[in-house]
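In the two assemblies presented below, chain A is common to both, partnered first by chain B and then by chain C.
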Partner chain A sequence: MAGVKQMTSRERVLAALKREPVDRTPVCNPTSVATVELMDLVDAPFPDANREPELMARLAETSYTELGFDTIMPVFSIIQESSALGCKIQWEQKDNWPTVKMREPIWEDADDIRIPPDFLTHPDTACVTDAIRILKKRYGDEVAVVGKTMGPWSLGYHCFGVEPFLLMSLDDPDKTKQCLDRMKKATIDFGIAQIEAGADALTLPDHATGDLVSGEYYERYLKDLHIEFVERLKIPIILHICGKTVDRMDFIAQTGMAAFHYDSKNEPAESMDVVQNRISLVGNINNPETLFSKGPEAVRAEVEKNLDAGIHLIGPECAIPLQTAIENLKEIPIAVKEWTKN
Partner chain B sequence: MAELNDVQNEFIRTEIEEYLERPNEIERIIDVFAQAKPEMQAIAAALIDGDNGAVDEMTKAALDAGTDALEVMDDGLISGMGIVGIKFRENFIFVPEVLACARAMKAGMAHIEPILSASGVEPIGSVVMGTVKGDLHDIGKNLCIMMLGGSGFIVHDLGVDTSEDEFMEAVEEHNAPLMGMSALLTTTMPNMGKTIEAFIDSDMREDVKIMVGGAPVTQEFADDMGADGYGKDAVACVELAKKLLLELKAEKGQ
Partner chain C sequence: MGETGNLGSRIELVPMDGHFRDISIGLYKQESAAGPGYLIHTYSSKDGVAGRMDAIGAAMVRLGGIQKEADGLLRFPCGKGHERACRRLFIESVKQSPSEDPEARPLEILDKKSGLTMTLAPLSEGVFRVECQGESESRERRIATVAGGLAKLGDLTWSQDSEPDLVRFPCGHDHTELAGLLLIRAPNVRAVLREEESTASRGVLAAPSQQKS
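And then the complex of A and B:
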């Protein structure tokens, strides 16, 4: 803004994550920018772009080179760690995300939890660290490269199955805490590996969403673990939780996380009121109804609503729908730049 | 009209006082419980509390004592699940608690279903449910199934990653008047529309009312794809299923 010298994309993102002055609000998607149109443009289609480092890097960098975002996020799905832990994956084709087969859980009890010795050298985790190295070599300090490490709550859904894991959380809180404590090693190890590969920040999805569990659950099961992640992963962390979360944003703001990636089910101004500048907010352009279904004008209106509320980094609420038009995505940085001028 | 003090069970009275806010629902639920036997109220209370062991024992005891299976189902299990649904809709409870209540419902129904089946009692309707092709997420669909089951519907669960052909075959096989499709992903949501088109192409569209739901789905999407209705959550799914069933009966002049 006025009085702030022009920044590189990387500088802009890192400053916004610390709530320091920026030359303009950065544009960021901490989850995924992959679309079918972008896959075709750079010949890096799913599912291969989730499994081959060069294709992963090539598709990821389009967020900077084609869309004009200030970040590059090479992890397009939430399956990399779960695959390395032993979950079965349905890889799908170009027009769909790979998904963990959660109806075929690999663990039933805390004692079943094993982080395999090859966890970080498994092709699906190594792909991410290799892609980050490629991107850092290409872009250096020009743009922020954001990695992704899944939190233990999300890993619990994948490895235990959603219903068994949620029932366990009600039936046996101590066992649930023990499971989370054992699974956190995967989160920390993969996070450190990405930091060593050069990641500037990390997204940490941990889906304790208001669509499934209460805000009190977040405090009971995750707040302390998230504080520990902040202590042990020594770069800015962007927590991502989909859905209604305003009832737990106060707890989230107490963790020391750099930012929270929030969903369009939460109002920007109300969310800012809750977090009281203790954490940056990233978001929250609606995916299915706006980016996927409407045109640039509707996108612009949501961007401006976020900017008017003082949101620190603007971007889609979650992984962009794969069939989203590039025109709509390009509108996000255009709208941010024009709002800044005015 | 019954009053709160006409409900004998203290737990149920507290639930009504603490969690029910809409006057029409309060009135309806007080009426239901005021006429229910104390044993049925106790079953409902245990179900609301998610105590599957107690529901199991009390249901068996009630049936052994000669209580009609339909009475146990309606006054004990379904009436209890009614309060669970309202608490879930209003965010007093969340999915883990609903799962526990559904587990209790299942424990009770394990005793009741064989009796109803043997005596030829018809369910209020049958529904085919599935998550669409390419989508492996099922918690939303499963919650709908639990609530539908808790309201007296028979549900045929096709699971996840369900093809158009699988939906059509199931509707035909079970002669189901209702079908529900779920999707969590924006990438798989269009498969709902494709499935509806497949029903049209096979001249089966008039045979079944189709409901859709899931995180990215809206009423607008539902209308565009030609669905008969959209439910934003599991409670809305049950209300929609009942409404569509009535429409179907009216269309057939029943």
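And then the complex of A and C:
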């Protein structure tokens, strides 16, 4: 850090994603830091802020303007492309997340999979690309704008239902691979659309989570697909998988992804040992117990633990609870800056 | 940089006010030489917001005996924080219908489970005895339930084994209005805790594998 000239937020984030020197560790939000209080501040409440580009941009930019993060991430939810694929969505109210009605799956077989011709012009995907355009126009090269495109494993849960998709992966691996291969078009097309709209990096959530899927599963079903995403989406990609994932971090580090957004169920130092500087790590401030339920001191302690371990970008482990206190979120960049000074 | 200043520690949040345009309203605790004080705040700037904040503050004063002081903060007359009780007071005050004048609750309530009328008899120095009128086999159990509920809801001290019918505000002050407010929920404190848990769990994003819908 010493000897590195002062960087803009965007420069800082992009350098950290390449594991290049930075003036300080960036504070990054690969998922969502939207809260009900921030919605009120800028009059951009859920569910409208998931569906109207100006509201989406206005709520997203509070990450930079109010909280002091180095990134702006307008794609709060994980359902935008599933909506465009035809899934039924429960849009909920201001204080809750929109969700896919996974008990009403839209596909049963690989042959059912069709990416609709209006996939990228559907209001719920176009909202994202329009919001990214608005943010790039507003912030230019000042701050990193991060987009999000869901991976095929997550889309599989949404479109087939969690249980049927997991059972298929056990009973018929070839069919599962065929399904993933067909769904990947949605991931790639939506990712490219966001790159063209001006995204500086993309989060790619693919919920092969530690509770349901083993590290071996990751290698069998997803590693090669993720390598392909790196080849075809030509900006830094931040892979996001919740839960205990240290058993698959070695595989993830072989994909060429720029970064892995990791969960607080994984120890920072152990995770760094596994990835061996082949990939950056982003995270891993605990959401339910720390950011949501404790105070700034506890947040600071977790930030420092990550910084001490050499984590490349600091941020919450996942999309934060919508009732999280603003003071806790502001503590993340404050703690990073003070740690850097000392 | 930003419009979100330091308001103190947020100790409670109503994410959507059903009585005023679904705005979020927070209760913030500030420490000062005058003792812990509470601020009601919303980040919304919708028309009429200031009036709504004033109405909630006025309801807290009437329902809980808290005082609004010159610095704009709410403080209990004993100078102590009573944080848990204040959170309950805030929640009940936001729920209070704006069309009704808030009134301090009586120290008496009908316990629907037993049919008994539960009362709080003020003794002295912040001590209340839980009593009941009516016939029921569960008299003693209901008295202990209500006393335990008051202890949980307001951080009152309670010795279940030695004096199961007595509760006490640790500050030694007679918070009669506050005791009346807490009494409403005390017979069914489990439901209150479940409601708090349910409210808190809204807005926590689950991975697709963890979702119920």
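By our rule, the second predicted complex is superposed on the first by the 342 of 342 C-alpha atoms of A that agree within 3 Å, B and C clash if a C-alpha of one lies under 4 Å from a C-alpha of the other, contacts with A are read in each partner's own complex, and residues count from 1 in each chain.
Following the convention adopted for this analysis, a contact is a pair of C-beta atoms (placed from the backbone, for glycine too) under 8 Å apart; a residue touches a chain by one contact, two chains touch by 3 or more.
The model shown is predicted, which means the values in this text are computed figures rather than measured ones.
Look at chain A after the overlay: chain B and chain C clash there.
In the superposition on chain A, A:Gln276 contacts neither chain B nor chain C.
Once chain A of one complex is fitted onto chain A of the other, the partner contacts of A:Trp97 extend to both chain B and chain C. By the document's definition of touching, of the two partners only chain B reaches A:Leu167; chain C does not.
The larger set of touched chain A residues comes from C, when the choice is between chain B and chain C.
In the superposition on chain A, contact of A:Glu66 is made with chain C only, not with chain B.
When the two complexes are overlaid on their common chain A, residue A:Pro321 makes contact with chain B and with chain C alike. When both complexes are overlaid on chain A, the residue A:Lys330 reaches chain C alone and has no touch with chain B. Shared-chain residue A:Glu289: touches chain B; no touch with chain C.
Of the two partner chains placed by the overlay, only chain C lies in contact with A:Asp43; chain B stays clear of it. Look at A:Ile78: by the touch rule set out above, it reaches chain C but stays clear of chain B.
Clashing C-alpha atoms with chain C appear in just one stretch of chain B from the list 130-138, 148-156 or 238-246: 130-138.
Shared interface residues of chain A, touching chain B in one complex and chain C in the other, are 90, 95-97, 99-103, 162, 211-212, 242-243, 287-288, 292, 321-323. Listed in rising order, the residues of chain B touching chain A in the complex are 50, 91, 94-97, 99-100, 103, 134-139, 142, 159-161, 185-189, 215-218, 220-221. Residue ranges on chain A touching chain B, taken from their complex, read 90, 92, 95-97, 99-103, 162-163, 166-167, 169-171, 210-214, 217, 242-243, 287-289, 292-293, 321-323. Those residues of chain C that touch chain A in the complex are listed here as 1-4, 6-7, 9-10, 13, 15-16, 22-24, 26, 42-46, 200, 202-205, 207-211, 213. By the touch criterion stated above, chain A contacts chain C in their complex at residues 32, 36-41, 43, 45, 65-68, 78, 90, 93-97, 99-103, 154, 157-158, 162, 207, 209, 211-212, 242-243, 287-288, 292, 295, 318-319, 321-323, 325-327, 330.
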